[in-house]
Structures are given as structure tokens and as C-alpha cells.
Amino acid sequence: MKNTAVLLITCPDRKGIVAAVAEFLYKHDANILHADQHQDAERGLFLMRVEWDLKGFALDPAEFPRRFSPLADRFEMRWRLERSDHPLRVALFVSKYDHCLMDLLYRHRTGELPCHVPLIVGNHPDAEKWGTFYNVPFHFIPTPPGAKDEFERKQLELLAAEKIDLVVMARYMQILSADFIRRYPHRIINVHHSFLPAFVGAKPYHRAFERGVKLIGATSHYATEDLDEGPIIEQDVVRISHRDGLEDLLEKGRDLEKVVLSRAVRWHIDHRILVYDRKTCIFD
Amino acid sequence: MKNTAVLLITCPDRKGIVAAVAEFLYKHDANILHADQHQDAERGLFLMRVEWDLKGFALDPAEFPRRFSPLADRFEMRWRLERSDHPLRVALFVSKYDHCLMDLLYRHRTGELPCHVPLIVGNHPDAEKWGTFYNVPFHFIPTPPGAKDEFERKQLELLAAEKIDLVVMARYMQILSADFIRRYPHRIINVHHSFLPAFVGAKPYHRAFERGVKLIGATSHYATEDLDEGPIIEQDVVRISHRDGLEDLLEKGRDLEKVVLSRAVRWHIDHRILVYDRKTCIFD
Amino acid sequence: MKNTAVLLITCPDRKGIVAAVAEFLYKHDANILHADQHQDAERGLFLMRVEWDLKGFALDPAEFPRRFSPLADRFEMRWRLERSDHPLRVALFVSKYDHCLMDLLYRHRTGELPCHVPLIVGNHPDAEKWGTFYNVPFHFIPTPPGAKDEFERKQLELLAAEKIDLVVMARYMQILSADFIRRYPHRIINVHHSFLPAFVGAKPYHRAFERGVKLIGATSHYATEDLDEGPIIEQDVVRISHRDGLEDLLEKGRDLEKVVLSRAVRWHIDHRILVYDRKTCIFD
Amino acid sequence: MKNTAVLLITCPDRKGIVAAVAEFLYKHDANILHADQHQDAERGLFLMRVEWDLKGFALDPAEFPRRFSPLADRFEMRWRLERSDHPLRVALFVSKYDHCLMDLLYRHRTGELPCHVPLIVGNHPDAEKWGTFYNVPFHFIPTPPGAKDEFERKQLELLAAEKIDLVVMARYMQILSADFIRRYPHRIINVHHSFLPAFVGAKPYHRAFERGVKLIGATSHYATEDLDEGPIIEQDVVRISHRDGLEDLLEKGRDLEKVVLSRAVRWHIDHRILVYDRKTCIFD
């Protein structure tokens, strides 16, 4: 297992940032494995991700904030340090359709998704078998109409108790309250079964079928208070034709959903995503 | 050059249609080269395209309508017969961006687009050089605001004089009047520089850039009175990332536009498209 | 569940085939749902697939062969009749990598793959858990070097006992003997983890990595005595870059393998594939 | 027009490289626009591309080598400095098929390819019209069998006279001699009409058609003495089916060839490509 640190930085763009950061890391004997940066010229914004080996790094990670602060302050950075030996704790939310859930759990088991998955939350009992199979506690929390305050409270307690870092809505078919979302800013990933911003809202496959489009898509994005308007993380499409009925669209769509959601989760837990405004910068 | 006939049929779905059509053609010694059909179960609709060699066909094409009518009436068919030796007459409309125009003219010259192109209509003078190069008459018809009645009248006169079958809006940046469109039902092909129905309307690349999508698209469709709402013929997308600026989107988009527009024209002049409701059936 | 018949025909191309077949079906009150055909001009070959509703069909399927034979003989047809109420019996072979196995079993359970799966054969014990989870008998048959005669005999006995129609090599990492393959002509589907014919043979991802290709692929095909040379059913690719290490290729490749293999199985059990020479015709 | 410098570096990977380079640039007031790097762990290799604005840069580019040398020597760098105000001089070679030529010339005119194109060399007279249209001198140099020494000498004289930096084989259907290639190491870009390493050699579309593949591809690569074995720059594919005849493959292939060749040229003249061993690293 790798033992690395990832530093993520956003700050106003100006000269000398890379030199300062690289010099700081070099001074403490960092062996840089990946470094990537992006300038958003329009916004005058600088974004950076740098990953280095903790083996041989001369600075105790616990000491990092204190030592890095002067530099960060000088450049007005918003920054955070992540460590591969502190993998994120991820909760999977699911309703009746379980294809994304089973896909994520399989990828987790094969090591593709290096994170902890301490719990599954479902509002249908069917998904429990996956919890059993993969040995992940499954919590059945029904979501009757009018009781959102109550069932969200239960969900939030679970998330808090398990110190969850990331909530993945693996085709969880409930709209989260604004309060819920505010507690996990850019830490809730949803998958929408259309190529956003086309077919915002309900029943996108039905509407795609009606409209006669020649490609259907799926989109993973961070959940925000504006439904289907959060920063897009990943999108993909597949070709359809007049021969495809609604059933075929649903089937082809499932494969898209699995792919775009699992990529989004992968990039999030690898700390490859920086959000600015309504956009994401994905460092590869 | 091939010498074939194409029969296109739409009718209520019921038993015996294929048998009747195939029997009719066989009786007149048709050597069928391609036959394809589609049932739209939802609408109870039957759609068919059949192409045969006119060499050895025992029926004079001029006689076809009279002979085929009884069968067509029996099944309440809407049908038409097209002949490869009567290639369509296509007018190309263009404004300032000439990438689609030059692409279509090149494909026409190489034989990819078996049709006649008797005229180019432009509201900018720049495209004239392409007319000169490819030896196609170029008509410069300015489109000042408020003068739509007048300049469309000139355009329509040209189209009538040249017996135009199909108008291709090769990035022609004017909205056609309802009257113009009604004269060429499902015979005007437009290209929209987004993955419809996303980014309907103006400046789609700018809005795609603002929204932070991860794929951009282009759509070719028949022009109808509802702008950007006509039956979709073809769509394609290309991946973009946070590194792509607006300029890059425009550049990548140009390649998409060329591809989706030229495919649509190709399929139309090959008589591969049947429109029903707002959808297209593309026989391949 | 649908109740349809599928007729698959290959014969020398000549006039009147469609008329004769359509007339035959119409005479017996068939409600045709799909019909598709293909002419291979080079080989003078006609290929056809027609599917109709058995509800209302006036001919007992058991009677079909006797009644259809005169017509079939007249056109020198090779043909077969398949029925959706006689779903194929499919055996899944697996070794250590279980991503294709789990994917196929999941699709089977959701109804995407309408077939019976009476057995899994594995030469590693790991896959047993999937058999247990999906309630499919798992047979562990080790494959020690030099004992191919013996373990293939056991496998073939199982296949015979369960009346298997189709063998799917879901990343089963043994080369089947010529004798085994001859018993299931065009009834064994394999997945090769490259874009054939590139990287025929062992360790394709390693060689793709070494060669510095910009796309990697996967191929599903019928197994024949010439390794990796059988008729190709489906292929797909995914983009890679210099940033992708060998591990990334393996990971991305797994998603490709799942997709191309499951599509091939789907088309085979839907009776959509006709093989001619080394090619496949996939009726959609 | 932009006025930037690009520094490209390859060296053994070790600590402190980024810090040293960034510090050097910062010291001279460089406003870095893009910086990207790659570590090839297997080969212990570090590769970097950094681009900065020359406006405000305190170091005369002519002085750069002398000042940068100590740092470069310390890290054993192979490096070069490129300037956007010294665009590359590109020669286009063509035979009979002119789709790549016309595509590159069009992109050049629209500004997509910021370079000089002082000459076209053709061994068929047909392409002259493009030279005339775009006002680029066309040199007709026939290539009779057995006379390679002689006609290559003429070609090389032209290239030398025009101080050509990059030769683009835009479907130029002659094999260059080893001597020719050695004079332009990694400065000759070729397009092969298959998805290499599939269908190395002649007539790839014919062989793809025979083999029954489901996707066809095209590959742009640097020409080396081993035919079709040079470092791959870009590849792309398009789906085909049993319905596509050889003509269709050729047609679809032309679109692929245009795309992969023009991308390769674009990246080369933007100084985005670093070659190591037989691979390319494409900085985006």
C-alpha cells in the first residue's frame, strides 16, 4: 500500500507559487511523485495538486500545518493535506436499483477504490444482501413522505457516528434536504441518469426516448441545494438508435451510470478534484 | 455509378406488409440489395426501406405509382419512390464560419455525397472563394435586420429556379421564417453546436464552458418552426477537460459539426431517413 | 416474458427469398416483430433474421421444420428456428479474475440475459462465493499441467449432463483442446483482453503498455482451433495516456472486458449472430 | 498572438528538479502559464514541460542557454527552449489522396495550426490545386521506382533551403530511406490507416475488412527506420458493422486519418510531445 501525502491548493494566481511550494517540499526532502496545476485565466485562479512519498519526508505530517502556514498565508491559499494512510470513510446510499451499489462494492473489494466503506444506507430492504455478501453493515431506513426531518436525522446520526467523509448516492432516489447537503459541502456525490444539463429532473430516459436523441448519457456531480445543478465531475454517453426501446435505454444507461459514478468516487477519494464556482478541475 | 430504386413506406403496422411488398417486387423481377424495416410498437407504426437494382427490373419506374397504388392503398401507406439516377439537388447556405461548407464540398467532390450542388447562398462574401474553387455558383444575399421578407424571397426564388430538393444550413446563422420552413418540410437540415436538448438557443459553447460539462456535442436535425426542436438526425460528442478554454471548445466543436452535418446530408440524399412525430428512423 | 420465434437463414443470394419467407410466415398468421437481412455481395450470400410473435401463429412450432423444408430446399438454405420459451443453457467458465463472471451473473439476475445458467466451472476455488450468492452450482475442476485430457473430460461430461448450449469463457485462462472446441462449434465465446488482431497471445496489456498505444481494447469472439483467430463478435476501446501505468491499463481493461463479453453473450442468446467464414453478422 | 516560451526537459528523476526550475524561472520574473510533468517510475525518468509569458520575463531568451546551463548540468538534463514567436516551419508531403492535405491546410488557415507552411511536396500532380488555393508553393517531384536516391536528394534540398523543422507525411505513399529519416529524428510525422500494431504494413483497410473487426482505426506516429514501429502520437477508432463494405471503411477511415494526423501536428508544433524510448508523453 502506498504511503503518500497529497497537497491541494487554490489561490489567486500570481508569480512564484510553484517555486515556493516546490522549494518548501524540497527543503523537507519530499520525493514528488505527481504534480499538476491549472490556471483559470478568467478568474485569475491558481489550482494545484502535488503528491509525494512520505517515506523519507523529513517533516512530521502533524507538523505540516504549522510549518506550511506562513507560505500559505503569503499567497492567500485555501489548502488541505490528505494522506493515503488515512483513507476516506465512505457511506453508500441506495434505493431499489442496486447496479451502482454492487459495482462500487466490487471495485472496493478489488482495491480499485482505496477507502473504507463502514455502512450502506437503504430505503428499500433489497440491498441488504449486498451488505451481507461484502460484510458491510446495512441500515434500512425507510423514507415515508412527510418524514424527511426524521429519517434524515437518523441518517445524519449514522454518518456522524461513523465519521463519514463522503456520501455516495448510488441511485438513492430521494432528494436530500438543504440542511443535509450543507453539512457535507462537496462531499456528496450523486449520479444523474442523463447528460446534464439535458433532461434535468425526473424520468430522463423517458424524455430522451420521447425526444429521439441519438446518444444517451449519465452524469456524476456533487449534490448542491439546486437539484442537478451541482459541479459536474464526470459524464459519458452511449449511442442509441430508433431500434432501442425504453427498456434498452434503461439497460444501456445502467452501464453508463456505473462508470461515471465509480470514476467520480475514485477521483474524490484520490483527492484529484478541486471545485471552483460550479466547475470541477480533475487532476489526472 | 449505381442504378437503384429506393422505396420508403410508413403505414399502420399489421400482418402481411412485408409479404405483399416483397411479392410485388419479386413479381417484377427486382433484385433486392437492401431491405430494412422498423416497428414502432408504441405508435403501432410500420416503417420500411427497400432498395433494389433497376437493372433487370421489369417495371418501368414511371409505371410504378400506378401499379403500386392498389397495394399501398390496401395498407394505407404513405410512400415514395426515389431513384439513384435522379440525385437530389442540394443548396448550401452559409454565413461566416465556413468549415461545414468546405467539408461538404470536399465530400461532394470525392463522391461521398452523391447529389447535385447547383448553388451556395451566403450572407457573408467570404465563402465565395469556395464556390470558385469547386465551380459552384455562389449567391451573396445580405441579411440586414428587418428585411427578412425580402431576402428570403430572393433565396426562395433561387431555390425554385434550381429545383432544390434539400437545403443544408452549413452554419448559416439566420433563423428561417415559418413560411420558408413550411415550403421545405423535413427538407432543411441544420446543425446546432450543442448536444440537444442541452443548450438550446444561442452561444451553446459559451454556456457549456460556464456549466463545466465534461463532453461537448453537436446535433444535426431537420429545421422546424420550433427552433432547435426539430427531429434529430445525428449527434456526437467529444471529451473536454478543465484545461480546455473557450477557444478549444470552439475548435473541437468544429470537428463535431462537420461530422454530424455531413452524416445527416449523406443519409438524407441516400433516402435513409424516415421522420415520424419528432423522431427519425435512420435505416443503415 | 416474450413468446417469440426467431428464424435464422443463410443461403446463396438470389431473387425471391424475402418474398417466399414473408409469404410463408404471413400464410401462417405470423405477426412479424423484427426482420433484418444482409447481402454479402462478395460472397453472393444472403443472411436473414426474422422474429415473430408465437401468439396467434397458426403453425405448431413442432410442425415448422416439415412445413418449411420445401421452401428451404428450394433456396438451399441453412436455417434454424429458435424460440424464446426455450432459452439457451449457458455454462460460465472462470479462473481467478472474476469481474466478467460477477458481471454476467448480475446481468442474468436483472433479466438482461434471458437464459439459464445451470453451472459455473472454475479452476480456482475463489469463484465459488459467486455461485453461492447467485444460487448457481459451482464445479471446481483443477487444471494441472499435462492433465488436459482428464479435466476436459470432466468438463465435457458436465456440459453434456446439463445439456449446455453455450460455453462462456469469462476470463477462463486455459486453452481449450481442438477436440473440445469441435464439440461446440461457434458455441464457445471467449474474451481477449486486447483489440484483436493487435497483441494476439499472452500478456496483451503488458505489450500494449510497452508499445505506447493511446487506446487499449478488448475483443469477444467465438473460440476456434486457431487461438485468437475466431470470428469477432464485439470490440471496444478506451483511451489511455502516458500517465496510465500498467495497473491502470488492467483496471480500465476490466471494464472493457465486461462490456464486450456481456454484449456477445446477449446477442448470442438473442440469436442475433450469424457466422460466415471468419466474420459475424450481428442483427440489431 | 501569444508570446510565450516553452521549456522541455528530460532527465533522471530525483528530488529538487521542480524546485530548481521553478526557482530559476521565478527569479527571472516568469509568469508561468502552464506547467506539467511526468515521472516514468520504471525508467527512473523525469519529463517536464513549462510554458511562460515572455512579456515581463527578465531574461533575454538569447541569454537563456548560458544562464540555464549550470542548472541543466546539475540534473543531467536534456532540454530545449521553444518560442511561440518562432513558429515551426512545416513541409507537407502528399501523394494522390489529398484529404489529409486539405484538412491540414484548412486548419492552418483558420489559425488552429500556428506554424509556417512554406512548401508542399507531391509525387502526383493533383495536389497542386491546393497549393494554388492556399498560396503555398507546390513542388511536383515524381518518385519512379529505383530512383529514390535522386528524388529524396531533391526533397532534402528543398527542406534544407526552406529550413524545415517538421515533415508531415499527409498520406504520402512512399517509404522514406533510413538516411532521410535519420536527418529528421522525431521530426517526421506519418499517419497509418490502422489501429497499430494491428495491420502493420500495406492495405490495412482490406485486411481489417477480411478479418471482420468491429472497429477500424488510424494512428499518427513519428517515422523511424522500422516501418510502422515509431513512437505513437495519437490513435482513434470508429465503429463499423457487417453492413460496411470496403468503400465504407475507406470513407470512415479518411475522417479518422484527418483527425489523428492533425492532432499530432498540432501537439508537435505546440511543443507538447516528448519522446522516450518508443513512447510519447503528450503534455496537455
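Letters A, B, C and D mark the chains as written, and numbering starts fresh at 1 in each.
Following the convention adopted for this analysis, a contact is a pair of C-beta atoms (placed from the backbone, for glycine too) under 8 Å apart; a residue touches a chain by one contact, two chains touch by 3 or more.
On a predicted model such as this, the values are computed, not experimentally measured, just so you know.
For the pair subunit B and subunit C, the fraction of shared interface numbers is greater than half, so the two copies use mostly the same residues to meet.
Using CA-based centroids throughout, the chain positioned farthest away from subunit A is B.
The distance from the centre of subunit A to the centre of subunit C, with each centre set as the mean of the Cα atoms, comes to 37 Å.
Distance between subunit A and subunit B, defined via averaged C-alpha coordinates, is recorded as 42 Å. Touching of two or more other chains is recorded for residues 241, 243 of subunit C. Subunit D makes touch with subunit C in their complex at residues 38, 40-41, 195-199, 210-215, 217, 231-237, 241-243, 245, 277-282.
Those residues of subunit D lying in contact with subunit B across their complex are 99, 102, 106, 110, 112, 129, 133, 241, 243, 251, 255, 259, 284. Against subunit A, in their complex, subunit D makes its touches with residues 15-16, 18-19, 22-23, 25-26, 29-37, 39, 239.
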